[in-house]
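Take a look at these structures.
What follows is a pair of complexes built around subunit A, which joins subunit B in one and subunit C in the other.
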Partner chain A sequence: MSLISMEFLLFVILAAAGYYWIPEKYQWVWLLAFSYIYYVSGGIRVTCFLVFTTFTSWAAAAWMEQAAERIKDKKKARQAKRRILALALVLNFGVLGALKYTNFAIDTVNSLFGAEFGSLKLLLPLGISFYTFQSMGYILDVYWGRAKAEHNLFRFALFVSFFPQILQGPIGRYDSLSQQFYAPHAFSWERSQRAFLRILWGYFKKMVIADNAVIFVDAIFGHPDIYDGLGIVGVLAYSVQLYCDFSGGMDVVIGVAELFGIRLDENFKRPYFAVSITDFWHRWHITLGTWMKDYVFYPVSLSGWMKSFSKFAKKTFGKQTGRTLPICLANLIVFLVVGIWHGAAWKFIIYGLYNGLIIAFSGLMAPSYRKWKTALHISDDSPGFHLFQIVRTFLLVNISWFFDRAEDVETAFLMMKNTLTHFNLRQMLEPGIEIGEASGTTYTLAALGVIIAGCLLLFAVSVLEEQGKDLAEIFSRQHWLLKGAVYLGLLLLLPALGQPSGEAGGFIYAQF
Partner chain B sequence: MEKLIEILEEIQPDADYDTCETLIDDGILDSFAILSIVSELQDEFDIVITPADIIPDNFNSAKALWAMVERLQEE
Partner chain C sequence: MHSFKKILLLIAGVLAVFAVNFGLNYGLIPYSYVRIMMHQIKTQEYDTLILGTSHGLNGISPKVMEEKTGKKTMNLCLGGEYPRDAYYLLKLACEKSIPEVVVYELDPGYFCTPEGQRGDFNRIFYEMPLSRTKVEYFLAKEAELDFRAALFPWFYYRNQFRNAKEIIAVKQGEDYKNYGAEAFQNEGQSYADGFLRNTPVPGMKQEELTLWEEDERNKDSFQYFEKLVSFCRKQGIELLAVTMPVPREALEKYGENFQQADEFFSEYFKGLGVEYKNYNRKGQEIKDFDDSLNAFTDYEGHMNFQQAEVFSAQLAEDFFEEKKE
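Now for the complex of A and B:
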């Protein structure tokens, strides 16, 4: 059931109406029932994988807690917990890895050794990356003593399956979500209005901006030989499409959750205003970044073998560089995982390593940057330097989008080369070349106008939010006539300016 | 405590460690800085810091960091 469908809206209305009608102590049961109805509507067979992850995570956490209570010797208890943790991680990441990466491994073996193994037809359960990461985060929290194990399997099942977030996140944390799921929630008109506005804004970003931008993206990236002069248009359109698609989806998800009184973590914070790649990852897909930091970056950095490497590096390269090198290596490992998470292809591995290398290089050079800025009297607060940092980061991010979107690594490099050597904006106007025809949708100047107008509105809203203004709160204080007109205007604009659903209707990150 | 402040000032000089209580919440210490501090603390005070110890409560101020060092020394 797509987030952009009348079915979904009716489903949400029905779920919300019942949620506030039944006794509050049963609200979480109601949410669990609707979450499973939602997931089962996508297929019974894939639901088995969700049940598997739910059960093994719940059982592993309870088993770890029991082991800690039963075994008096602290060292032995820690070892027992570690074995249970390892088993749960191997089982769940094993399922995720087998379903997502088996065919990539087969293709790699075939191309390296000239073998002819056939691809397997494997199911990919909806949202498997998201719910697996969320569940494994919970197990690690219990292992480290940051969270207590949930004894009730059904309460835990809601944490794994909560329907607004299961398809594309945000990746939640048990300590924050559990407190909200099981608490009573009274209906709030003010909260519902805020949620409704957020949902409409999300649909606007997705349907009006992203789904119009995708026409250009598909045509240019799909036919880099024909549109060889438009690489820059393609990558800019992709930067708009990807942001509006994913963050628009998040607005809908967060808005729908808010209708039930559940506040999910924010996943985006105006990423194209970032001043460095590190800052970009603090603003883009935030919950994946913090998940990677807490559950991969810190554990890898503090592992025994990394400590040995740190000692060796300090002896060999001196205190400062020796201290930073292991952190850079751990960071590279994290971004390798991020790349692999994005997809089973070499281009995603390059995408991840590209980000990791820039961040590692910045980390190593940080003391030198500080000295240079002092010598040149450059202040971080200066508007000119701030703008320079934003433009530089945007440029670096767009280079990474070539790897993310192009068919393969070779095409990404070809398109980057053509962007510098064959830039020809007139290709958009030349007769005979109709952007969009190639992707099966119609390109008109109006579509271009809609994207530009939509982006200007998005930019204005983002600038105000960046200045700390709570636009939803300001909007809620306006006269009801104005509010009604805005709601109605957005509702009418969506079908009128959006592209007909089909290829353009799905969310990119719902495939993860 | 003096040694701790010295380490902090060497790794991230742009902060007032005597008064600041929001080193993590305000993004003054990023993950690179946190791990650099951890590496130095482990060497200097002969303690073992685990991922479970890396929480904002332990890193938001010099005082909190020192409390963590003392606790880990006792363990």
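Now for the complex of A and C:
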């Protein structure tokens, strides 16, 4: 059930109406029932995987807690917990890996050794990456004693399956979500208005901006040989599409959850205003970034072998570099995992490593940068330097989008090369090869105008938000007539300026 | 603010959306022959119904069929009509009366491609009169689509804003009120005698066509065709299936694919107990039929009206007169 489908809207209306109509103590049961109806509508077979992850995570956490209580010897208790944790992680990541990466492994073996193993027809349950990460985060929290194990399987099942977020996140944390799920929620007009505005804004970003940008993206990335002079237009359009598609989807998800009184974690914080790649990852897909930080970066950084490596590095390269190198290595590992998480292809692995290398390089070069800035009298607070950092980061991010969107690594490099050597904007106007013609979508100058106007509006909103203004709060204080006009205007802009979204529901991250 | 006032404001907002939406639907969605079709099946009784795609809409003349068989015939084929649409169109027709025979015009491409936003796909829902079938159709199809398809049908016609004046003028005319077809009498194509009559056009012809791919089978298409079969059985309707002829040039180019499709669907229909005729099969002759590209508007097989009449006469003879004998 796609977030843009009519059935999803009806489903949400029905779920919300019942939620506030039934006694508050049963609200979480109601949400659980609707979450499972939502997931089952995508197929019974895929639901088995959701049930499997739910049950194994719940059982593992309960078992760990029981082991800690039952075994008096602390060391033995820790060993027992570690074994249970390892089993749960292997089982769940094993399923995820088998479903998502088996064919990639087969293809790699075939191309490396000239073998001819056939691809397997494997199911890929919707949202499996998101709910697996969310559940594994919970198990790790229980293992480290940050969270208590949930004894009620059904309550825990809601945490894994909550329907607005299951397809594309945000990846939630048990400690913040559980309290909200099981607390009573009374209906609130103010909250509903806020939620409705957020949902409309999300649809606007997706349908009006992202779906117009996709015309250019599909044409240019789909036919790099024809549009060899337009690589830069393609990648800029993709940066717009990806951000508006993913963050638009998040706005819808967060807005829908808010209708039920559930506050999900924010996943975006104006990422294209980032001043470095590290900062970018603090603003882009934030919940994945924090998940990686808490469950991959810190465990890797604090592991025994990393401590040994740190000692070795300090001895060999000196105190400063020796302290930085292990962090760089941990970052590289994190971004390798991020790359693999994004998809089963070499281009995603390179995409991840590219980000990791830049962060590692920045870490190693930080002392030199400081010296250069002092020598050149550049202040970190100057607006000019701030702008330079934003533009530099935006360029670096756009280079990574070539790997993310191009068909393969080779095409990504070819497009980057063409961007520098064949730049030719006139291709947009040459008869016979108009953008979109090759992809079967009609391109008009109006589509370009809509993207530009949409981006300007988005930019204005982002600048105000970056200044710390709560626009939803300001909006809620306006006269009802103005509010009504904004709602009506946004609603009508969706069909007036938006393009039809893709056949499969259209959200890029819903495929993960 | 009191809740009562808020509820009033909410109702006012919803009414405002309805009013603006109604105006945009009226001003932007042009008059279509689908409206005539819907009116006819809701008000008249038919002995024979033809369901299927744009090939059927262009290639089967109900008037010729009627003359040949003596049975009142209605062509309900539409561009973008998948088996799911055909099933609900038949159900809608059966709300008025149950036909004796349904002829299903089969384009194998509709059984191996996802239901897309093309042809008259959204017209069916928009023009369908309010009925139980419309509700069922909404739940089965529209609900799965982008919400703008059902809530803002003008979404697919927003580029018509320059023609809004003419569209409104047509809708205020007598022809529209009386479900007439005057608005569709164009030079290259006209809706008359119950089907879409193509006039021969010289020049280049589009070569692209959607070929049968067994591995890409659309489960929904098969599922709804089987529902159609069992509905017909339950209602005592005889169901026949036909694949329209394509130009000789297309057969020469894609002969192997056409043969594979024929083998697959012959077997499939045999299993379902449905009589099937494929006019691209060797030996399935059509008297006085010009199968060269000149008689078609494209490689895909959309016929000129003269050939459509010739073909319809043959179809009537093969399906109905053979049975009399």
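Assume the second predicted complex is superposed on the first by the 507 of 512 C-alpha atoms of A that agree within 3 Å, B and C clash if a C-alpha of one lies under 4 Å from a C-alpha of the other, contacts with A are read in each partner's own complex, and residues count from 1 in each chain.
Here is the rule we go by: contacts are C-beta pairs under 8 Å (C-beta built on N, C-alpha and C of every residue); 3 or more make two chains touch, one makes a residue touch a chain.
No experiment lies behind these values; they were computed from the predicted model shown.
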(message) Under the stated touch criterion, which partner chain does A:299 make contact with: subunit B (first), subunit C (second), both, or neither?
(response) first
(message) Going by the contact rule set out at the top, does A:5 touch subunit B (first), subunit C (second), both, or neither?
(response) second
(message) Touch test for A:189: subunit B only (first), subunit C only (second), both, or neither?
(response) second
(request) Go through the superposed model and pick first if A:310 touches only subunit B, second if only subunit C, both, or neither. (result) first
(request) Tell me which partner A:327 touches in the superposition: subunit B (first), subunit C (second), both or neither. (result) first
(message) Looking at A:241, would you say it contacts subunit B, subunit C, both, or neither? Reply first, second, both or neither.
(response) neither
(request) Would you sort A:495 into first (subunit B), second (subunit C), both or neither based on which partner it touches? (result) second
(message) Tell me the contact category for A:129 with respect to subunit B and subunit C: first, second, both or neither.
(response) neither
(request) Touching subunit B in one complex and subunit C in the other: list those residues of subunit A. (result) none
(message) If we count contacts the way the header does, which residues on subunit C are in touch with subunit A in the complex?
(response) 1, 3, 6, 9, 12-13, 16-17, 20, 114, 116-117, 142-152, 154-155, 158
(message) Give the list of subunit A residues in touch with subunit B in this complex.
(response) 144-146, 278, 282, 293-294, 297-299, 301-302, 307, 310, 323-324, 326-327, 330-331, 363, 366, 370
(request) State the interface residues of subunit B toward subunit A in the complex, per the touch definition above. (result) 13, 27, 30-32, 35-36, 38-40, 42, 49-52, 54-55
(request) Using the touch definition up top, name the residues of subunit A that touch subunit C in the complex. (result) 4-10, 189, 207, 480, 484, 487-488, 491-492, 494-496, 498, 500-501, 503
